[in-house]
Amino acid sequence: MKKIPVSVLGATGTVGQRFVQLLDGHPWFEVVTLTGSDRSVGMTYAEACHWVLTTPMPEWARTMTIVETDPKTVQTPIAFSALPTQSAWEAEALLAQNGVLVCSNASAYRMQPDVPILLPEVNADHIALLNTQRKQRSWSGGILTNSNCTCTGMTIALKALNDAFGVEYVFAVSMQAISGAGYPGVASLDIYDNILPFIAGEDEKVEQEPLKILGSLREGQIEFAPLTISAHTNRVPVTEGHTVCLSVKLRTRTTVETAKQVLRAYQPPQECEALPSTPRPVIRVLEEVDRPQPRLDRDFGNGMVTTVGKVRADPIFDLKLTVLSHNTIRGAAGGSLYNAELAVKLGYV
Amino acid sequence: MKKIPVSVLGATGTVGQRFVQLLDGHPWFEVVTLTGSDRSVGMTYAEACHWVLTTPMPEWARTMTIVETDPKTVQTPIAFSALPTQSAWEAEALLAQNGVLVCSNASAYRMQPDVPILLPEVNADHIALLNTQRKQRSWSGGILTNSNCTCTGMTIALKALNDAFGVEYVFAVSMQAISGAGYPGVASLDIYDNILPFIAGEDEKVEQEPLKILGSLREGQIEFAPLTISAHTNRVPVTEGHTVCLSVKLRTRTTVETAKQVLRAYQPPQECEALPSTPRPVIRVLEEVDRPQPRLDRDFGNGMVTTVGKVRADPIFDLKLTVLSHNTIRGAAGGSLYNAELAVKLGYV
Amino acid sequence: MKKIPVSVLGATGTVGQRFVQLLDGHPWFEVVTLTGSDRSVGMTYAEACHWVLTTPMPEWARTMTIVETDPKTVQTPIAFSALPTQSAWEAEALLAQNGVLVCSNASAYRMQPDVPILLPEVNADHIALLNTQRKQRSWSGGILTNSNCTCTGMTIALKALNDAFGVEYVFAVSMQAISGAGYPGVASLDIYDNILPFIAGEDEKVEQEPLKILGSLREGQIEFAPLTISAHTNRVPVTEGHTVCLSVKLRTRTTVETAKQVLRAYQPPQECEALPSTPRPVIRVLEEVDRPQPRLDRDFGNGMVTTVGKVRADPIFDLKLTVLSHNTIRGAAGGSLYNAELAVKLGYV
Amino acid sequence: MKKIPVSVLGATGTVGQRFVQLLDGHPWFEVVTLTGSDRSVGMTYAEACHWVLTTPMPEWARTMTIVETDPKTVQTPIAFSALPTQSAWEAEALLAQNGVLVCSNASAYRMQPDVPILLPEVNADHIALLNTQRKQRSWSGGILTNSNCTCTGMTIALKALNDAFGVEYVFAVSMQAISGAGYPGVASLDIYDNILPFIAGEDEKVEQEPLKILGSLREGQIEFAPLTISAHTNRVPVTEGHTVCLSVKLRTRTTVETAKQVLRAYQPPQECEALPSTPRPVIRVLEEVDRPQPRLDRDFGNGMVTTVGKVRADPIFDLKLTVLSHNTIRGAAGGSLYNAELAVKLGYV
């Protein structure tokens, strides 16, 4: 099978690097275009990029020349976007109009009514919004977004609980890794021996995005799920892996044991099953009292699996649990790849 | 004024060291006895103690000889206890019986009906339980405990809110410093680049102790406050300072601005005012969106002040806020000192 | 080819865990025996072991029962030893006597005249000391040690320089990872935001072991290499990867460029070439001015490659360089595996 | 005594903040002017400054308005400069010409022949170069620099050894704190779980500056000390405190005990004795085998004392020792204050 040529937009940042790393040896996709900011255009990737990942920069990437993010230079059927929000607004639409399917990690289009926030295990059917985009916006390509990195793991866990019991209220307190802030991102003097109890816009994303993802697609529109989330988001001195403590009020009461079974048994929609990035299992449920831990659990299943632990009774709501998800893999670049795989499988590319 | 001779029980551990540090130059108290485990007895404090604080060991302490924790060796009117729970059960009662007022940081006696968990700013009146102890147990001394280090700051903040509006439900998620686990305590391989979502017995303490502290003393008995707390406690890579994210349901609705005024205006009971350790203010309320932070705020007011920030509306309950408190000062040794000062002021010593 | 059954001695500690991890899927070896201390004997590995590695414990290991370290229970042709020094003295000799080839990470036997400290890339020929052991000690098995984890990388780099130019003097200052101290090892309160300028016995090992490894085997005896090393060893807050700054006085002067070529071109002895663990290249030389870095470079080549950077002129001696080596892989468990592979290849098993 | 009005140039950066902190309550000086970059001019200090120190911003500073760094706005007899090198070149000279004594932490003028790098304990007499400056440059003020933060502690220790035995060669390997890079400075992703073996220009400064500081002032010129230093400088994950491992070749051999006595007995020149910032002792020599440690020792003597430990024999040169110095106090703002105090005492202001 001939591989599908793809582009990485904003390839030099931390999420761009993750795209390059995860696309190295991908069975379906082959990177042919890397874009960057004006400062980088014309340089090789090795020159332009301050690589921060712990595996070496792939050899094929080192010598590629950075080009502008533009329909003239980006002519692949799929583009993975790690653009900053501001650039994403214009560039992603322009490419979508010109026939490119943009699988974006940027937050720009997430809350647009005709753009899905796609987590294939959760809402694979929302991909049909691409048809709405193509019709309403006269785009020949389209935009698929993945969710905010903190929302990813918790929404997957909430999906399983919501299907089984209905979720009504959620308290969510995050302890987020520094890699989520990009590079240079968080100054070491700000986070060393410290916690930052603020990440701009993050409380709001955690309170909103899961409602859309868990919503129902009816007649080309997403009806948001009827649940309320209260979020406290924090940055902690951890390199990778976002941890979220959840207290959940269910519509139907259940036992801790049944809840764990439901989480463990959660199956992705059938169309996800043969995709290269599908996590197996979707949700790993640990029984050890001191897990999940970011350093020990974030890389499980190539960083695509959501790990849940400490499922126990809550004295106010129904359940307490702790969710861990790899923020720059499952919550960012890996999530976008997974979305692109789903789009290919379902014939949108 | 002649200083009151005091003992430090379990003086070589991290809390014991804090007692020694904070008692260095204390205006009312003078350390004359340091006790330690069998391993340490007979050694000088400098020999027996692996000092981990960032100010040098006081010179007077270096040459003191460690003695057993025993009524024969501990004959001061006041003893500060940093004993492990197991030893505390027996030793503290024995000393109390022999006329010593034990101001204890151990959890052993905290939930006994006739022993107060004392935070002078909150429940100075509970000290009257010493009379109950003396009567019921035929003790000539007594035991005063301070609360668990995670409970301390949050209970002080909740007190102000409870007085003004009534508190009904609280979600509390802690991010606790490694110093809270003592020495050697947390292995570096366990906490570096990591979070531990479990601290033995801690969820339970955070859910129970504030109810007692906020309770009412009626006829020699404490009636627990009628509120429910749900806790998730976590260890994070921070040296000192416990951070707690709270979502609070009030009985009377209010505005964020009014809540902040109430927190800022909170005054301790009059009997606390002239004590050397009284924090001023009791609660510091910050407006900066990214505060409190452990590294920047834990040492404020010699580590005795509770810092509150990020007071904002909660989409499910009424208020979100973040509380920071120095765990080994306000939440441990400093808290016990403050209790002892109150006891002296009120004539219990 | 049928796999060779092997044992891991002291399997529950950090180095023992690395053995289990690296032997998972090894093409030549299959673990059939795991030993542990009295506390662990009779428990399953999953019960006995506090796993601290970032890949999950292999499934086959979870259910294996821990046995004693004893000739009755350890009857494999090869045993990998992660025993503490004290236990190693007796147990390793007993097993060697009973026909087991012990590939040991313990320091116990390293400086014995008839036991090689083996780094196959450097001194594969020293393995012939097994013949001496067998003759002199009437052992049917034998003991092969690998070097101290700090010595490993620097000795490999020094070997290349010594072959080409002769090395006369070396200043070595190490910055060592916390994993080198085992588990629980370094207390977090001791290393967080800190450096420990002392590791027991480490200066001495760094000053002595390389002389033996770089020595010449003549008539069954190792003549130590005629060079002098001065070492300052330090523990720093890094999880894995030992960094060593070297200043080197050569016997024959050279240029920085020639020295880099010599390092890059260094080839292992021919007998190492087809071994599964042979690093390729033996020495990776980086030109970037800010490399090597532990987080970015320690895992290169599955943690078996030595990375050298910052090769530059020294104003007192000839060369400055910085060496990085993965301490629990190349410097511990991976090194012992490599030694065992060499022994198998050369017919000693 | 009326306090001398002073300015802080570049007051919003990390060193500027240290000046503001250390000048809070200084017995001789009172801050009347704070300068900043164009971005900050016109804002209050509280608005313009991202405060990163662990004591709160002094109240008097919060409301001061930031002004330009210019002779029209800076009219105090003394100005403390935390300017970046580029700005320092022009601004410091202009102020010196206009009668201001600039006590600078910038490296710009350090190697100018008529500008001293002043460490009062070491080379108080070099302050006489102010006369040369005033004569040759027609300045009515002048420039005093303090040394690079890594050089400070090691030069003080070398001074004591050089006076007693003569120092010929020095190997110096530094492990430097992140605060030395300013704010935002080192990205957390670059230093977390990592070491950076490169700090731009730092090896060169460590090899050059001590030679000038230890040099002799003869006829208005400094003759550099005849010793050679080889430096490897590294950044490590420590917030404050630079640690340097030294191996020293002396001209006259001595014993470890004598060397320790010489270090302990080192006395500053008489003119330093009554200054507020004079460290007591100048050099603290520790006997504990695992000291100095940055977290435990950096704050000793208000961060002005140099701590030396691990003095032992070196197998190649004569002595090994480890030096610790607080980089943003003794090695930066505190050092400049000390220089200003000396200048006042000797009548240069």
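For the reader, a short list of remarks on this structure follows.
Read from first to last, the chains carry the letters A, B, C and D; within each, the first residue is number 1.
FYI, a residue touches a chain if its C-beta (ideal position, glycine included) is under 8 Å from a C-beta of that chain, and two chains touch if they have at least 3 such contacts.
Fair warning: this is a prediction, and the values are worked out from it, not measured in the lab.
The greatest centre-to-centre distance from subunit B, using averaged C-alpha positions, is reached by C. In terms of C-beta pairs in contact, the better-connected of the chain pairs A-C and A-B is A-B.
Within the list B-C, C-D or B-D, A-D finds its counterpart interface, over half of the contact pairs alike by residue number, in B-C. For this pair, subunit A with subunit B, the centres built from the Cα atoms lie 42 Å apart. Separation between the centroids of subunit B and subunit C, computed from CA atoms only, is 47 Å. Contact with two or more other chains is made by residues 52, 192-193, 237, 239, 295-296 of subunit A. The touching residues of subunit A, when paired with subunit B in their complex, are 169, 171, 173, 175, 192-198, 207, 228-230, 232, 234, 236-239, 243, 245, 247, 289-296, 309-310, 314-317, 320, 322.
Within the complex formed with subunit C, the subunit A residues making contact are 51-56, 192-193, 295-296, 298-300. Residues 14, 52, 178-179, 183-193, 237, 239 of subunit C touch subunit B in their complex.
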